[in-house]
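Each chain gets a letter, A, B, C, D, E, F, G and H, in the order it is written, and its residues are counted from 1.
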Amino acid sequence: MDPTSIKALLEQVARGETGVGDALARLRDLPFKDLGYAHVDQHRALRVGIPEVVFGTGKTFEQIEGIVAELVAGDHNALVTRLPEELGARLKQRFPALQYDPVSRIGLLAPRPIERRGRGPIAVVTAGTSDIPVAEEAAVTAQAFGNEVLRLFDVGVAGVHRLLHKRAVLDAASVVIVVAGMEGALASVVGGLVAKPVIGVPTSIGYGASFNGLAALLAMLNSCASGVTVVNIDNGFGAAYAATLMNRAGVE
Amino acid sequence: MDPTSIKALLEQVARGETGVGDALARLRDLPFKDLGYAHVDQHRALRVGIPEVVFGTGKTFEQIEGIVAELVAGDHNALVTRLPEELGARLKQRFPALQYDPVSRIGLLAPRPIERRGRGPIAVVTAGTSDIPVAEEAAVTAQAFGNEVLRLFDVGVAGVHRLLHKRAVLDAASVVIVVAGMEGALASVVGGLVAKPVIGVPTSIGYGASFNGLAALLAMLNSCASGVTVVNIDNGFGAAYAATLMNRAGVE
Amino acid sequence: MDPTSIKALLEQVARGETGVGDALARLRDLPFKDLGYAHVDQHRALRVGIPEVVFGTGKTFEQIEGIVAELVAGDHNALVTRLPEELGARLKQRFPALQYDPVSRIGLLAPRPIERRGRGPIAVVTAGTSDIPVAEEAAVTAQAFGNEVLRLFDVGVAGVHRLLHKRAVLDAASVVIVVAGMEGALASVVGGLVAKPVIGVPTSIGYGASFNGLAALLAMLNSCASGVTVVNIDNGFGAAYAATLMNRAGVE
Amino acid sequence: MDPTSIKALLEQVARGETGVGDALARLRDLPFKDLGYAHVDQHRALRVGIPEVVFGTGKTFEQIEGIVAELVAGDHNALVTRLPEELGARLKQRFPALQYDPVSRIGLLAPRPIERRGRGPIAVVTAGTSDIPVAEEAAVTAQAFGNEVLRLFDVGVAGVHRLLHKRAVLDAASVVIVVAGMEGALASVVGGLVAKPVIGVPTSIGYGASFNGLAALLAMLNSCASGVTVVNIDNGFGAAYAATLMNRAGVE
Amino acid sequence: MDPTSIKALLEQVARGETGVGDALARLRDLPFKDLGYAHVDQHRALRVGIPEVVFGTGKTFEQIEGIVAELVAGDHNALVTRLPEELGARLKQRFPALQYDPVSRIGLLAPRPIERRGRGPIAVVTAGTSDIPVAEEAAVTAQAFGNEVLRLFDVGVAGVHRLLHKRAVLDAASVVIVVAGMEGALASVVGGLVAKPVIGVPTSIGYGASFNGLAALLAMLNSCASGVTVVNIDNGFGAAYAATLMNRAGVE
Amino acid sequence: MDPTSIKALLEQVARGETGVGDALARLRDLPFKDLGYAHVDQHRALRVGIPEVVFGTGKTFEQIEGIVAELVAGDHNALVTRLPEELGARLKQRFPALQYDPVSRIGLLAPRPIERRGRGPIAVVTAGTSDIPVAEEAAVTAQAFGNEVLRLFDVGVAGVHRLLHKRAVLDAASVVIVVAGMEGALASVVGGLVAKPVIGVPTSIGYGASFNGLAALLAMLNSCASGVTVVNIDNGFGAAYAATLMNRAGVE
Amino acid sequence: MDPTSIKALLEQVARGETGVGDALARLRDLPFKDLGYAHVDQHRALRVGIPEVVFGTGKTFEQIEGIVAELVAGDHNALVTRLPEELGARLKQRFPALQYDPVSRIGLLAPRPIERRGRGPIAVVTAGTSDIPVAEEAAVTAQAFGNEVLRLFDVGVAGVHRLLHKRAVLDAASVVIVVAGMEGALASVVGGLVAKPVIGVPTSIGYGASFNGLAALLAMLNSCASGVTVVNIDNGFGAAYAATLMNRAGVE
Amino acid sequence: MDPTSIKALLEQVARGETGVGDALARLRDLPFKDLGYAHVDQHRALRVGIPEVVFGTGKTFEQIEGIVAELVAGDHNALVTRLPEELGARLKQRFPALQYDPVSRIGLLAPRPIERRGRGPIAVVTAGTSDIPVAEEAAVTAQAFGNEVLRLFDVGVAGVHRLLHKRAVLDAASVVIVVAGMEGALASVVGGLVAKPVIGVPTSIGYGASFNGLAALLAMLNSCASGVTVVNIDNGFGAAYAATLMNRAGVE
């Protein structure tokens, strides 16, 4: 029940067409969504240029296809994450305009142009080359959400000069996403170099006692550099989403 | 060696008072801090109104006293965290201008006025009343860093209407810090309600299998609401620091 | 030694054919099952309409086939859980009356009609779409046990209005099963909305630090909403079994 | 805004004293609680005879005293859990009618008589004598919620005959709460003996590798007896609350 | 219902005073304990000379005193474990014949002489000196259970020659209990030297990542020497109990 | 250098053919094995009828084949564990006398007859049917080591009467091996029923939070029944080896 | 910017060709690497004869091929670790001079002769045969780094005499690498025998509760033998690298 | 039996005073220590100037006093670690020459001068000030073992320039010990800067999810810088011992 419906109901009451008791009963069960809450959220999301997101994990091709078809019909941009290469190819046959990136495993259908938004670029930094797929999930997502993205890969702390040498990239960014497996130390070093939001993304890359990213996760949570916040292991998408919110806040 | 010193050295070279070889030797060993890196950071920190921070944990009273004395001598504002009540009282005897807050266990010495900064207020939200000490560490820190703070306590998800009823607080904030123990679900619910950065602070509050905050930490990392990032268990200070950076980015 | 045998023995004693000492010796070693204990349990199970259950996990096709054949011969209803699609197809060839559901991976052979029992419907609620297979294991089991089932899927807390909008489903139920992966917060929110038994089923769905359902499990155990109890990760069957007992208690 | 207020507003609209636009504005911001949601819950809680609950953990005496005073002023029954003996004595001085039980550490103030409710008694069973404090938290809570309670202590599975000998207690109960530390096996054995809801409460009792209740918790979650659900470690209160809901469902 | 009662019942049946149906009904509900099961167990325990055991952990002085008084009244030997020194002194005042050992924290009251039993001595071996309290709990228990005990302390694997030098002790034993913290390697080395049952007792002794005995526990469970079985961390009593059963089997 | 060699050396010294200094040098470096230590062990192993054991895990077919060939050449019995079915078939082609059991995945080559040893039978008990492969590894190993084996499968504690009904099997055994996954409670119940050594073998069978046997492992370590010792998860072989040592001690 | 460039810049300042302000600006942004830091490191690495290392894990064949081609073009030796056999064969087709070892899964291209370096041989010791692949990764790496390597395999502590018998190997080594799974005790025993650096490499070999090497890792960290340091699970390469540094220190 | 005794025995055989059989029997039981193994080790330890070490943890004052008295009587240097301040004061009263350091909690009694040994200084580096007690345990131990020690404290990676500024200290060292809590990243950064052995010591310092040093431990084990090895949490002594061995190897 949206505001229009409530207004209509109230007008019926004013006209005596609906009794007070009946109106009370209908209002008592008023669904919140109909009050406009969720709608407002959706409108805000669209207004800042974030496409609808479909998490591909655990969905069949038919399910993904169905959701994308519905979004396209509504003229929404659609971003499909965790889309295996084989499903990406099938989806592209169905929607030829789909852009599929095999590294990030993201498919993007953008019937509406992606407007550049935000206060500045988002830097995506990795410790090693094997962190790149997660980093690309973050980077491609951030681009699809309208951010400029600066990539800075393979600058792990075992060779801290590589990072210092590229400091200008960090300085130019509005928000920094640090993607690192193994000991995850890069988030702390970056967090110590810049006075801006740093989002750590631990990756599940590493030898035995990395425990599928647990070592990097704990390291980032215990960062000695204040200002570092953390998302889930391998969650490049989530980092990009959060970075987008940080980048847009105050500029809308 | 700060920029002034480098400039002086270069001027000596220009004047022929120092040979190229000597200057080269001195520059080769140039501490990076002297190149201005760390200084720049410090200047930026001061410029955005963040006082120097002393972590009280694991320090003796004499160590804390010494550091604070040095900061005060330099006319810096000083924030001391994790300061037990007994030490707070002793520190106040030594520095009568110290403001000590027993709930957050923060001591603040602010010879310089704290300038209001940032794009908007920071909301600090808790699930229960026992989360308040951690929330106050975040709130008092954020205020000391120049942010306006909105407090919204005891709106846990077991009574989700309490939260929805107070939605205006969330809507007014620029960044939201969610402090929650037990199952930590509040971060997800808040993250689903607002399109702005949400920082989750798991607390070590809870029955047996909360495992000193591990349950809440994992819950927040696995939040089904995109846009939520997480700091360490009970780390109210860290959340406030990160929120300050998010709130200031782009307005300096 | 079943009741018949005991009766025979007692009759022998009454007729003086067996001495008291001998009878005492035989009774001292009386197997408990023969006293009727387990039989009573089985009879009760049958009386409340619960079919025999075969856990498919770790059994060969031959083993499953054999057990089902025996049950069918005894005119029992049989429910086979965790039955992979390929085995389900083979089993259906052998028992054409078998109903196999590929989502829940449950096979049901019901030569005897399933009688509707219980005080009211059981609601099965999921946070996301990827929780549906576990939810269907719960739902199909509950139906096979004679309960009416209400399904309410994809109402996770990141969009809490969706859930509130569908509150009537929760209100209509006698018991609520909440199936959720990721941070498992839905159990708490539902537990706060209703004053009836809520059973949480954590699922192994989620990104890295969900640790195969551990995050959701801990969250549900630490629910801030009283009245929530928890079963094992992905254990939709167990939730349905427990819900059936809750639903039937007092109405038999 | 409660139903009465809404009705008054609607009547004003019907009488033309309030315009439709004004009424719409007021209703649009209607706090959900005022729509009756939370109130309904509270009313239901009171109707089934559950007193207000104050969790004593992490609260100062002054906070507890304040909340209890407010409840007593409202003529509510109040139950205070996790109340240390020393605080219990102080609270009793303040509220002489308080009943304080040092084993369960529960304080109860019941200005209104506790009405017996539910379909039958709740059995509270322990494996050992050291599990009794948690069991008493469950038992005293259940009694305060209007249930009859049957206690059956120290019937651990190392001497399974003790339990079988007391089977009549289990048979008489409507719901069974099993409180056990160490290996927690009692929940499974009880779950196999009865066809009624069994709630397992792992306790933090045990030698080294009990890991403060983790062993018992995992054991109960992995119970081979279907129908067992689990609450958090040492959470006797939560078990009693859930058992009350199970016991009342359908009899209100 | 004990054997006497059953006999009486059977005699009534034989005399025709009780009908077969009535007797059947009474026997059907026969408590198992009354059939003599648990009694048999107790008799066997007494027959092999094992005193009654009271676990002191989590019991008040009054509870311990009460149980011991009852055992002494029944002329049983009583062994109280985990008895803190202060409680031991009080108990000795109450029962002057009590032998209290402060290292093992065991109190023994033995009105009946402890008969030497078993096929040979039990060796109790420790890796370090700090493992001695747990080792003494095992040794004193084993002695109280009638075993001869050989002590071999501080022969950890960092100096494997110390152990090899004392090999004769291992060779003389019937069962070997190995008590070790840190890395727990001693169990494997001993298990490789002897062809007899070796029981590993991990202790909670060690630096940081010993995790209160977890490291030693895992090491012993993963022993590369076959024939090693393990009890819980610090569970010297349990090791002695198991060793006693191994030592007695076949010689009764 | 075996005893014969030492004797020869000493005789050379006695005959003056070798100087004292030379003999000292050779003896100083005397390998311990050559002193007979390991040989004694091996002889003892052979004397009690334990065949040589080859752990198949992580070995190539060629490695296994080579070791078995060498053992057979030496007229030793050989037991190969963890031998996948396909490798078992290949090994049987090479050694036609090999007995391969696909359930336990054990291959046995016994050119020498297996002599019955030990004080009595070893009972192997399982909680469920899916624990049978591990139980068979224990049973087949125990038989190959010369023990009589009593099997008692599927007597889990959810139906404790099944176990009590079969109590005679436990009573007849000299040592009991309990194989159980899920909550592992069976070890405690058996340990409470018998006064003889009980070895718990946790299995990796179970739903989610069994964590691959961790739940059962912890449960067994925390058994409330004294006398239970534990081996590693799924380690049926190790349990049989330890049981053999327990069964043989004192009868050789 | 290397020293030469800095010198040139300073000379320009001395000659008045560059202003002080301009020079200051250029120096302020001086990349550290250009100061020679990283270069020095690389030169030192080459000087001690360590080839460039390519971690094969997580890289495509094309990526590995590209890096190797570049190194070979620069006349560097190249070591590729974690190179699966199939990729090794393809790489050998591309670079016929490649030596590929399938056990260690290492490929080595050494256009420049490997110079023997270090104070003495490095011993690589394993507990079992299944630890050999990790040990060979260490051994082959150490050889490629110019060390002499002594192999001592299958001397686990269950037969400690085997190790003592081979003590001369340990005595001859400069550094000892101990590779062990299961309980990892070998590191302690070796550490107790020698007064030289011992590096423990836990392996992921073992039954259930080895938890993929965690048991061995914890054991080695808790070694009762001082002087043992540890690398990550299965990290033979890292052990060899560290051992090389230990072996070379002071002899360059 | 030492070499002298063996020689005497052989001479008896040569003289015919002892028969070959008798000599064989005595040699067969020859204790290994008497062959000189452990003695050699001890001699080597003394030769390199390492004092005897007494671990204070878990020892009573009387035990420590007794061991020290024995060592002093033998003219050995003695180092007592983990010696609480109060015990240190008492020990100093007993042995006035004792040097007690309250930060490292080490007591040193050095009747014999400590000879400077090793190839170069050992650097002890900390991330923060709260890591200093562990670092001092390492530093004081290393000095007592005859090493020169360079201290470099509070150079954590959040301000990586502080570390780079002090690089000369790292360059001057022969071995580097890195002591760090929180995320432990300093070990990787140092390991990337120097081509010499780096020993990581995780400390138990940190906020919630540091889990008492686990985060730092995992980070160091997963170091992306090759050449880093790790000791147990807070084990400053062990790091110094290992560093001493690395520093001495090849210079004795």
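Operating definition for what follows: contacts are C-beta pairs under 8 Å (C-beta built on N, C-alpha and C of every residue); 3 or more make two chains touch, one makes a residue touch a chain.
The structure presented is a predicted model; accordingly, all values stated were derived computationally and were not measured.
Engineer: Considering only chains that satisfy the touch condition with subunit F, which of them also satisfy it with subunit G?
Structural biologist: Of all the chains present, those in contact with both subunit F and subunit G are E, H.
Engineer: Starting from the Cα centroid of subunit H, hunt down the chain whose centroid lies farthest away.
Structural biologist: Centroid comparison gives C as the farthest chain from subunit H.
Engineer: Counting shared numbers against all numbers at the contact of subunit C and subunit E, is it over half, same, or under half, different?
Structural biologist: Same-residue interface.
Engineer: Can you work out the whole-Å distance between the CA centroids of subunit D and subunit F?
Structural biologist: Centres of subunit D and subunit F (C-alpha means) sit 50 Å apart.
Engineer: Can you check how far apart subunit B and subunit E are, centre to centre, with Cα atoms defining each centre and the answer in Å?
Structural biologist: Distance between chain centres, rounded to whole Å: 55 Å.
Engineer: CA centre of subunit B versus CA centre of subunit G: separation in Å?
Structural biologist: Distance between chain centres: 40 Å.
Engineer: Between subunit E and subunit F, tell me the centre distance in angstrom, where each centre is the average of that chain's C-alpha atoms.
Structural biologist: 25
Engineer: Which parts of subunit H, given as residue numbers and ranges, touch two or more other chains?
Structural biologist: 32, 37, 159, 164, 193, 207, 209-210, 214, 217, 221-222, 226, 232-233, 238
Engineer: Would you mind giving me the full set of chain pairs in touch?
Structural biologist: After working through each pair, the chains in contact turn out to be A-B, A-C, A-D, A-G, A-H, B-C, B-D, B-G, B-H, C-D, C-E, C-F, D-E, D-F, E-F, E-G, E-H, F-G, F-H, G-H.
Engineer: How about subunit E: which of its residues touch subunit F in the complex?
Structural biologist: 32, 41, 44-45, 48, 53, 119-120, 164, 174-175, 193, 195-197, 199, 217, 221-222, 226-233, 237-239, 241-242, 245-247, 249-251
Engineer: Taking the complex as given, what residues does subunit A use to touch subunit H?
Structural biologist: 127-128, 156-160, 164, 181-185, 187-189, 191-193, 206-207, 209-211, 214-216, 218-226
Engineer: In the complex of these two chains, what residues of subunit H are touching subunit E?
Structural biologist: Touch list, subunit H to subunit E: 29, 31-34, 37-38, 57-59, 63, 202, 204, 212-214, 217, 232-235, 238.
Engineer: In the complex formed with subunit G, which residues of subunit B make contact?
Structural biologist: 3, 6-7, 10-11, 13-14, 16, 20, 23-24, 27-28, 30, 32, 35-36
Engineer: Considering the complex alone, what residue numbers of subunit A touch subunit G?
Structural biologist: The contact residues of subunit A facing subunit G are 129-130, 159, 161-162, 164-165, 168, 205, 207-210.
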